[in-house]
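Listed next: structures, encoded as structure tokens.
Both complexes below contain subunit A, partnered by subunit B and then by subunit C.
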Partner chain A sequence: MNEVKCECGHVNPHGTVLCESCGKVLEEKEKEKKLLDMRYEGSARRSQTYNKTMIDKIWNFFSSVKVGVWLIVITLIASALGTILPQEMYIPPVMPAAEYYEDQYGWIGKVYYDLGFHNLYSSWWYLILIASIGISLVICSLDRVIPLYRALKKQRVSRHESYLQRQRVFGVSKIVETDQAFTMAKEKLKEKKYNIREENGNLLAEKGRFSRWGPYVNHVGLIIFLIGGMLRFVPGMYVDKILWIREGETKVIPETNGEYYLKNEKFILEVYDKEKDNEVFDEAIDKAGMVAKNYQSNVTLYKKSGDAVAGEEANLEKVKDFEIRVNEPLKFENFALYQVDYKLNELNKMSFALTNKKTGEEYGDLTVDLNDPQDAYDLGNGYKAEIVSFFPDFEFDENGEPVTKSRIPNNPAFVFKMFTPDNPDGEISFVAIRQTIEPFGDNEYKMAFKGVDTKNVSALTVRKDLTLWIIALGGAIFMIGVAQGSYWNHRRIWLRRVDGEVWVAGHTNKNWHGLKREIDAALDGTSIEMPEDQLQKQSEKKG
Partner chain B sequence: MKKQRLVIRTVILLVLGAAVAYTLYANFTKDQVQKVAVGEKAPDFVLTDLEGNKHRLSDYEGQGVFLNFWGTWCKPCEKEMPYMNNQYKEFKDQGVQVLAVNVGETDLAVNKFSDRYNLSFPIVIDKDGPVQSAYGINPLPATFLIDKDGKVVKYITGEMNEATIKDYMEQIKP
Partner chain C sequence: MVSLSSNLLYTAFILYLIATVFFAGSIKDKNRTNRGPNRWASIGLWISIIGFIAQLGYFITRWIAAGHAPVSNLFEFTTFFGMSLVGAFIILYLIYKTPILGVFTLPVALILIAYASMFPREVSPLIPALQSDWLHIHVTTAAVGQAILAVSFAAGIIYLVKSVDQRKQSKQRFWLEAVMFGLVCTLGFIIISSTFSAMGYKAEFNWIDKNGQEAVLEYHMPALTGPNEGQLVTDGKFKPLAEMPPIINAKKLNTVIWSLASGIILYLVLRAVLRRRIGEALQPLTKNINLDLVDEIGYRSVLIGFPVFTLGALIFAMIWAQIAWTRFWGWDPKEVWALITFLFYAAYLHLRLSKGWHGEKSAWLAVIGFIIIMFNLVAVNLVIAGLHSYAGS
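After this line comes the complex of A and B, so read on.
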């Protein structure tokens, strides 16, 4: 390895631009410049120096800030593309996604779907982009923070003339009372909370060095944030499921290993009422017709006790009653149940009367529980109705056969066999909502529809997120880094005696005006002249 | 020095690469993650059949169990039922039991269905869904092949024809 030995005796790593110790310009190209590039203190960014093995090449790729910026730009564009049309998870389940996009958005929709943008945020290339940003963050930071730390730690008080000359704030004064001037300036700088180091009569005042670590602290926060996001993929860390539950129903809560059960006692939807509620709502009610005020599920949480296997009548112990409202979830262990959706008036029971079609006389009522219909309903006196077939969600299939679309009683239909003293062999009648078919000719009797009983169904989100605190921690560290880098400045002021002259130079990573004011205050009353801002001088010359 | 640098860089890149690979893998398998993995012991359960008899999975240890989850509205389930019925008759004396778990429909619907196809294997109803939850059932039909030691040999989702059903039963024959 070609290490560079400076004339001050300090040995610098290969690629160093400014000697870590005395600041002498080591690279020829840099010598031609009027002002130094002070980024990373002219330290050797390792990535830029070795390029040997495959590992080095990968490392150097990710170490480039330019690559990092491009990765962020591409990710931003990709993220924006994903918002043009709704993602697959948000489209209504009316038809397959492949058809839906073309149907709704024409050829653009088709292209969007074909390119896989309907699932953009979980696509492999999007994840790789995010992961690459993470890798870039780690490697960029490592490659810069270590040399920077070295350079700031190794810096000596007496900096080389070529270093001081090329600082943006620099000035030379010829004075006699040097010692006195130095003592005065030192006191003033101490008042301004500078750390003072002295060496051979030269002076370095420095403060706010920790502000230089701000960006790296910030990156550590981001990386923790990304790790939190990654942990969501680890089984058991993150749950996001939907539980549909009817009034009166008791269901096992998913992802709780069958430990917890929930009973929905009642679902309540309240709307604003002109009569009862404050009149400020009147206008909105007139405009919208109906405005929801509250969505609420009254539930009871049960915990299974004992070792009942799945399906066995579990011994349930009541944990608590709770009223779940929007943003007021039921919490237990690491789970939270949120109100997320509902369905009003799902059919629950239907009542019929066995009726003589001609006379209209009724021979008894029967009520069918759609979630537990019986085989037959005996109405007494030789009258009986038997259910031959039951279709909870009835439709005719392509062959014209009655079938059910699902197990949910959205559109119930029955095939009844009616037994009466007149027809002991029974008459067949197909009964659906607003529809009666008598497949074997005219019947004498019919099942007259009497009424329905409905139930509400509530949908709850079952949520568990053990990664939240990691993400919050990452966010907090991120903000600490931002504050550290933004609200503090790293300021350095050098005073050096050179052949009866006093050279003053200053450097800050931001807010040059503040630095100059402090130098001005420190030199006030001494015979040392205020140094000039060489950058300002240059631009004034040009202008 | 140079060697040390290479080692450090390699280690860091490997750690980062492993994290990325895991995330990608987890993301693409998250929809296929089975609660009950092949090679694991099938979770025990007790359900009651249409005749009122209790069936406990662990009672069938020593026999192969063809565990099928189905619903009456599910067309492929409906199609494979008669095949299962035929093969059940072949294999029940050879130590293969069929358990058809309905995913919580009404007794009436299940009874009528069973009568229509003259199904002879026991049909149990998972009313509130605990068994489906334990097995992580989503699309229907879903079938688990369980061997004589109670271990899951294979998980099949989607329709099966008679030949594959026969083949599967052959696989779990004790």
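After this line comes the complex of A and C, so read on.
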């Protein structure tokens, strides 16, 4: 493309509005304006220059800040919609989501569910929105950062008169002692940490240029963050499992390839106690009734040592004992185990005595481990009890048949066959909690309930997330970029001699108040007058 | 210790009130020789600083008494938010020396603190999820960020009060007055709840909840809207005018109706006394203010507040969520609304930088931004229950 040669001799890329070197206005349209549009220094941006091919059109679409803002606003509204009713992951698992929303929230719930808003944040269109923001971030940044870098790199000290005149802060002073004024101003500006460049007796004081890179740095951070978020879907990067483990139980930790085992020694639940805890809490405890203080699982982590033959118990080597609490996960390798839930007093063992119904005489006790029931229990002397059927979570189905809802012993029931010297063929008895059914008429013997043994169960989340470091890196870069762009200002002050006059112009990317104060301080004591804020003058005239 | 703490908070409240009067007085003062702040304003500033120190005293003594930073429930958080707002105002005042900022910021802080004290104030013990140093780090940073952003709301209101033409009918005039009405309603809520609470009003209902279970509900305001199949248990109390279906929280709706009603009455009284719109009545205060400067204060506070908010409400929040809840992000309503706030101010900055949305447009955006922040503070805690809902109890 044809390059544009400025009268100062500098060759600018096609599409440049303000000469990169001297700042002279190259575009006719821009010449009519009273104040220059200083965004991106009037540099040649691809999106403003080319619009022919398909790629140009896509590029221009995504490089537009207007499009970017629309994407942000649409994402914002979509995100808000997802909070009207709870997302599917937060509803209690009492019934299928399709029924739950209508049942709880009526027709609004039904519409919400039908529109797919119950899983809004993982819907295809929400992901497309986020992806579009990502693309917009990349293209917007590339479209601007390179030309901006060039323009700031190539800028000359002596800027064109038309450039200075059209700065927001601008003033002309007629003075005699120009050299002296320049020296004084220079010293003051140096004190204010400005970098000074001089050329043909003109002066450019500049500071904080690096704040101009803030937006691009933070966009890079955001892109890295989004890439980190995408990596979660790569197999092996992310694990989210739940491990229910009873006290005393040793279980393999899922997703560790059978490498690691965990034993739950004990689950502890503590509540705040008015006697023992800080008495300032008394009122709050009274009001709430009970306030949880601690959820804790005392566990031992084991590592498998050597190769165990299939079917054989693995050789376990103890790695460490640990107390997992909320906010204090157990970490090993890339895994972390979190305390997330618990169940108190789950039935663990039930004891019965084989009893003669008439005499009440007992012929031996048996204890059934509800998680590992034996087929038969020999009580000696010809007395024996056989478990014909076991229903850990018993209920009658619609046909009146006993079935089990789950394998968790919430409501155990047994069909016992009792063998005694009197009845060598055995008597059948159906035993559930507070219920005994004798299907074949009266038995002579019964299984008398003796007691239960309960255990607590801990629920631990098993988490591996290899994307964390990249997410953290993205977040850190974003924060650096945002701070860089927000807490520093790029300020430039030009002093130029024009036919016995001194022209002063100032520009800042933000915080004009601060710039004016610094110019004021720099010119104080010199005979150069404080330049005017032309924008303010305009608005005052209007108002 | 706890009572000392409460007294310090009370002192701070009164001092902020007095400081507001002084800042307002400094604008009315006709003997202004130069454009700088006058004696009224410097007295106002000093009173604000002493008030801030008193509130800092409240914060520290309560921290000592409880053994954890007092930012663990809605009362404590909102009070801290109010304190941060005063702190942010003091810093911006020192940069820009504009008494008018005090006239608008301090009342917002006052309303926040008064609103906070409508919630249970006892020192509560920390549930396991909150037992972490990240509680102090995340919550305080997020609150400070929001407070700095709230200064841009005050600046936006100042800008609008001055720039919106009160003489002719316009959308701007209507919406500015709507914002004023919103503030008056908050005041209405504070007045009506403190009145009934001072009277010790209590009415108990037996009712049937949406799962068909019997439950007990205690009202602290006369029930206009009663719960589903509600039976008034307490003798001699007001019987509900209407019964609500179980899906609607009748008690909260009742509070909303009372607040709205008292807000409307209060607003009408104000209109009758002032004989003009509130926006119009405030306009003389903004007579000598430079619009560009107010615009810049608003922009500056967004620029300062946005990174702090992002750090506190998103970055620190994610770090803590990873530790306490096993994942750094889970689309909990509070998280989503923090993201919405972030996106909103990101849009603000982009519109300002690239589309040149300065001045009035920018001021409106600052007002909307504050409404989003307040929505996240109030509605998300009280209406949309999520993982953060303990903060509302």
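Throughout what follows, the second predicted complex is superposed on the first by the 520 of 543 C-alpha atoms of A that agree within 3 Å, B and C clash if a C-alpha of one lies under 4 Å from a C-alpha of the other, contacts with A are read in each partner's own complex, and residues count from 1 in each chain.
The working rule: a contact is a pair of C-beta atoms (placed from the backbone, for glycine too) under 8 Å apart; a residue touches a chain by one contact, two chains touch by 3 or more.
Keep in mind that what you see is a predicted model, and the values were worked out from it rather than measured.
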{"item": "Fit-or-clash call for subunit B and subunit C when the two complexes are aligned on subunit A", "value": "fit"}
{"item": "Partner chain in contact with A:Gly426 - subunit B first, subunit C second, else both or neither", "value": "neither"}
{"item": "Partner chain in contact with A:Val234 - subunit B first, subunit C second, else both or neither", "value": "first"}
{"item": "Touched partner set for A:Pro402, first subunit B, second subunit C, both or neither", "value": "neither"}
{"item": "Touched partner set for A:Ile58, first subunit B, second subunit C, both or neither", "value": "first"}
{"item": "Partner chain in contact with A:Glu283 - subunit B first, subunit C second, else both or neither", "value": "second"}
{"item": "Touched partner set for A:Gly364, first subunit B, second subunit C, both or neither", "value": "neither"}
{"item": "Touching partner for A:Leu127 - first (subunit B), second (subunit C), both, neither", "value": "first"}
{"item": "Residues of subunit A touched, compared between subunit B and subunit C (which is higher)", "value": "C"}
{"item": "Lowest inter-chain C-alpha distance for subunit C and subunit B in the superposed arrangement, angstrom", "value": "15"}
{"item": "Subunit B and subunit C footprints on subunit A, overlapping residues", "value": "none"}
{"item": "Partner subunit C, residues of subunit A touching it in the complex", "value": "39, 65-66, 68-69, 72-73, 75-76, 79-80, 82-84, 86-87, 89-90, 104-106, 121, 240, 272, 277-278, 280-281, 283-285, 287-288, 291-295, 325-327, 329, 336, 338, 340, 461, 463, 465, 468, 471, 475, 478-479, 482-483, 486-487, 510-513, 533, 535-536, 539, 543"}
{"item": "In the complex, subunit B residues that touch subunit A", "value": "1-2, 5-6, 9-10, 12-13, 16, 19-20, 22-24, 26-28, 30, 33, 43-47, 56, 58, 71-73, 103-109, 111-112, 124, 126, 128-131, 133-134"}
{"item": "Contact set on subunit C toward subunit A in their complex", "value": "1-2, 65-67, 96, 120, 122-125, 127-129, 131-132, 210, 247, 290-293, 296, 299-300, 303-304, 306-307, 310-311, 315, 318, 322-324, 326-328, 330-333, 336-337, 339-340, 343-344, 346-347, 350-351, 353-355, 380, 384, 386, 393"}
{"item": "Contact set on subunit A toward subunit B in their complex", "value": "1, 46, 50, 53, 55-56, 58-59, 122, 124, 127-128, 131, 134-135, 138-139, 142, 227, 230, 233-235, 249-252, 254, 258, 261, 309-312, 314, 370-375, 387-390, 392-393, 403-407"}
